[in-house]
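Consider the two complexes below, in which subunit A is the common component and subunit B and subunit C are the respective partners.
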Partner chain A sequence: MLKTMGAAKQAVHANVGSEADVPVAKSASTGRKILPIVEGVVLVAALLAPLVLQDYLTVFATRVIILALFALSFDLVWGYAGIMSFGQALFFGSAGYGVALLARDLDITNILLVLPAGTIIGLTSALLLGGFLLLGRHPSSVIFVSLGTLTGSYAADRLARGWYYLGGQNGIPSIAPMSLGGYEFTEGPAFYYLVLGILVVVYLLCRFLVRSQFGLALAGLRENEQRIAFFGYKAQHLKAIIFTIGGAIAGLAGSLYAFHEGFVWPNMVGVVVSTQVVLYVLFGGSGTLIGAVIGTVIVEGVSFWLSDNYRDVWPIILGLLLLLVILFRPLGLISFVLGERERVGSFGAKPKEKRNAAP
Partner chain B sequence: MPLLEAADIKKVFGKLTALDGAALTVGENEFHGLIGPNGSGKSTLMKCIAGAEVPTQGKVSFVNTDITAFTPTERARAGMSLKFQITSVLPTLTLYDNILLALQAQCSLLDLVFSRTRGLLHDQVMTMLTQFRLADRAFDAAAALSHGQQQWLEIAMALAGKPKLLLLDEPTGGMSLEERRVTGELLQPIKQHCSLVIVEHDLDFIRDICDRLTVLDQGKVLASGTVSEIQANKAVQEIYLRRA
Partner chain C sequence: MANAFVATFEILSFGAIIVLIVLGLGIIASMMGIFNFAQGEFVLLGAYITYLAYARGLPIWAGMVAAPFVVGALGFVLEALIIRRFYAAPIVAMLGTYALGLIIRESVRGLIGGFYLTVPEPIGGSIDIGAMHISAWRFTIIVITLLVMAGCYLLLSRTSFGLRMRATLENPSLARASGISTPLMYGATFAFGSALAGLAGALIVPVFSLYADLGLRFLIQGFVAVMVGGVGSFIGPVAGAGVIGTLSAALPWVMAPVVADVLVFVLAIVFIKFRPQGLIAGKGV
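Coming up: the complex of A and B.
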């Protein structure tokens, strides 16, 4: 019976995919999977990068990978669960400050201590803020959540600027490098492969999560929160959980960032970085994990190149480019190669027919 | 003891009194029609029962529990289910996933994260889809269905959690005659395990399927009784003639 469905299904896919490119819709209906190919290409490129890049570019690439990890955290919260978090830098930055203080005041730089510590700081701060913003008896409005997270990020920025203990405007400079036994992680290929390894592990965990039945619940949450509450889902709990997971990942990224750059400064918790991560995900394609990674690489890469070649006007060019993408490709660059059906994926058990799942 | 008892429900929106002491009693395995002219408060009463609106005054009891202050989630977990007037299937998900989403609503968090119930629920999903004549489209996106099929999918989703009471707000709105007939057929078998409250404009449909009727007019109950009692009721005839 499943076989006879093929023809009808193709016709329908063509209808559904009318927003996307026609060739994409076709390839999706013939069962070819685009996502694993894109993921594979990105992974291979990332593995080879330090071999071909000059040293200073490897350092730059390390920073991009850390930011891609940060982008994943926002993508989970916004792209998958539909929670407008405009303050994601709060978790990124507070973890950065936390591990910087551990290194400065307690001389703790062991990677096995600082990374879990940063993750826990991100997790705890997201749990506190998320609990406050999301766990009311009645669903909180999108405006309330986005303004609440934005305010949190802004307030943290002001706090960091004004607090002498945190170094005020200057932040905390010259953080000692992360260590493991006698080895010190300084900028370079070793640090690069460390963060790439962490990104791959976190990516795979996120992939597992968003393709599970929990991922289906998230899809319901994103599409129609009220509807799934009437099914008996505890929608607010789901939101708080994914928000907290996002916070933990942002915290992990923030602690890596602090040690990689060697300093932390108030912008890291503030609105600027919070907005930046929104752009990464919008640009690459929200609701796909690989879209967040690609978006980060491209936005950072393009800004790097533009700022080298057009010293004065590059932010304007970048801004226009972002606007164009958001205007004409609201689902991000990934939608050039990925059809709608494969992006959303399917979640059920299909014993006979293996089908595309969510990224 | 009735399954559902809504008593003296009052709902005020600003200066407008939508419900003014309305009441509704539904027994077990009873199909109950809620009818009345436009603006009589049918949909508002449904929303107050389902938890989409909080009544200004009054009490709703369900299975001997006062649920007036329950959230929609708590009501769903107590065994009440609602099909919205506006179809709200999740258009980008497949039919299969729409049903699975409804079926897994009360699974534990760990079950969801580790997809432990995915295999267990597969047969139930396919049974529901077959029952509602949608099985051959299981892996299409819900957006690709006709309006009538979306309504059926939505009824199937509302029934997925095995509710004791299903609230249907205009299930046949926008359907062809043939689709209405099929909807009636699809609803009959659920009587064995579920009560039904239907708001519907199509009086023929209501008469065919319901055991009892409650007629609302201007936020008050005009009459309540069996279908034949209501049909013989002078006051009811009057309001329908008046507006016809």
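Coming up: the complex of A and C.
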């Protein structure tokens, strides 16, 4: 997968290189096509990955795809609506715990039941937390929302650690595999294509969402919340809606993760995973959906690829790289190939007329 | 009676520890508007320096004296190199300081491994009052916390340094116009906050032992305390820390520890939601 990713990046670079020769006016019109190319290359690489990867790598790739789905949920909330959710793992993990309990106590593993259940758990918890933090007579400060989500995630972590019913420190081990009729989804290509299919569907839905009028309002919210409020939008409601959608996606990812790994443990709701997803998205490039996916693949891929000897050093390097990205590439790695205009993109039905409407 | 006394002492001593940790966090948050995610790692560094001194055979108190100066110097350098770029954007500052904290934490983890290293108390034994025994070191922490608190208060409210600091943070352009070097003041404030964290780490390491996630354990409690107390003043975060520390230590005596643990956070968030300005509103000392 990594090799194909590398090839994909080279292909993208080659593409950019060839366009550099084209006069400026022309490159402005052809330059708008980089994003679909990147997306297409990533999709093809993802589709072909199980054919070239060994079995244990396919299992790893499946995990990465699930985490990419999770990263997408954070990207929606932070990259598009500008809500810093430091507690995205709360929805991821509580859905994981929810479906694990369903499987353990009620023997429900049917995929048609557990995935919607996980999604609903994520959605509900995000609705409750987001509604509480974001809505109200006075708009909440960004600091309050980010620290509130962080605290929520931390408190859930402590709760999961201390509550015997949830397995305490050890979490819930050996969850039965997901099933559909008589078929059981165990680790392997079938599971891989299942999560890839889900990722593609969710990705397309998100893409539609952020390119719609709703997405335009969100972009305005991110850039200047007050102005959007003056236009008559209910900024807080928009935020709560996107926060809830993000929570639902995180819940979906969390339930897939629980069944794929076969166990859930307190870290899954806690600060560690919450900050990990922030890393993915910042690396890849927040505010572009594909950036979240690429960031996940790179961060997870490299940390997997580095041998055990380097694994101690890796978090330090990760921190340094993160710092460099924040200081010098605030739009993430994707901004090396993607221009600002294309990142912001166009909204609604007719891009030509609305080009100036983008914030 | 004896039990109640021991409980009160435990609560006081934990409250003091939280206050000590929040002091630096609160000064940086109130005065500079930055929620420093690396603060926990500054605490960790203070603890690590104390451990180093102990491991090299130096007296422990020497490490404890050195810790705030070393960590403060590091804070000054980091402010000049990195933190300075974040002033305009509070969220970016959170992420940047988080990255810094990650680097420091993982470096320390690499240095000490995954162990829990113990450092003995420089003042061992216990103080006996009748039939009751209280840890001498924990008592010392309470005393030092009170002294440091008073010292910080006097520094900020009574000295010209404190005045210039507050002037810079309240109205930077006016302060510059009055001839105060604002970049220097920002650096000094950040260094001061870091030094307090280093001191906190040095003092608590005999109680909690040294491990890589030592700082992280207190960071979120510290943030919550700052928010509860109110950002903008010196007294606010300290008051918040007192409340949060006391609650976290007191609630487990009356209910299941798990519930108490979570309840503190829930109560704090609900409180901040309905009183965003915190316990003590307004600017000043």
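We take it that the second predicted complex is superposed on the first by the 311 of 359 C-alpha atoms of A that agree within 3 Å, B and C clash if a C-alpha of one lies under 4 Å from a C-alpha of the other, contacts with A are read in each partner's own complex, and residues count from 1 in each chain.
To be clear about the criterion, contacts are C-beta pairs under 8 Å (C-beta built on N, C-alpha and C of every residue); 3 or more make two chains touch, one makes a residue touch a chain.
Since the model is a prediction, treat every value here as computed from it, not as a measurement.
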Message: Once chain A of both complexes is superposed, is A:Ile241 in touch with subunit B (first), subunit C (second), both, or neither?
response: first
- request: Determine, under the contact definition given at the top, whether A:His138 touches first (subunit B), second (subunit C), both, or neither.
  value: both
Message: Is A:Ile228 touching anything from subunit B or subunit C once the two structures are fitted on A? First, second, both or neither.
response: first
- prompt: What is the contact status of A:Asn170 with respect to subunit B (first) and subunit C (second): first, second, both, or neither?
  reply: neither
Message: By the touch definition at the top of the document, which applies to A:Thr186: first (subunit B), second (subunit C), both, or neither?
response: neither
- request: Quick one: classify A:Gly319 as touching subunit B (first), subunit C (second), both or neither.
  value: second
Message: Tell me the contact category for A:Leu209 with respect to subunit B and subunit C: first, second, both or neither.
response: first
Message: Quick check for you: in the superposed arrangement, does A:Ala217 touch first (subunit B), second (subunit C), both or neither?
response: first
Query: Residues on subunit A in contact with subunit B in one complex and with subunit C in the other?
result: 138
- request: Spell out the part of subunit B that touches subunit A in their complex, as residue ranges.
  value: 50-52, 71-73, 76-77, 81-82, 84, 88, 90-94, 96-97, 100-102, 104-107, 109, 111-115, 117-119, 121-122, 125, 136-137, 139-141, 143-144, 157, 160-161
- prompt: Once bound in the complex, which stretches of subunit C touch subunit A?
  reply: 35, 82, 85, 90-92, 94-96, 98-103, 106-107, 109-110, 216, 220, 223-224, 227, 257-258, 261-262, 265-266, 268-269, 272-273, 276
Task: Could you pull out which subunit A residues touch subunit C in their complex?
output: 84, 86, 132-133, 136, 138, 140-144, 146-148, 150-152, 154-156, 158-159, 162-163, 271, 275, 278, 282, 312-313, 315-316, 318-320, 322-323, 326-327, 330
- prompt: Contact residues on subunit A for subunit B in the complex?
  reply: 1, 5, 8-9, 12, 15-16, 137-138, 209, 212-214, 216-217, 219-220, 223-224, 226-235, 241, 340-341, 344, 346-351, 353, 355
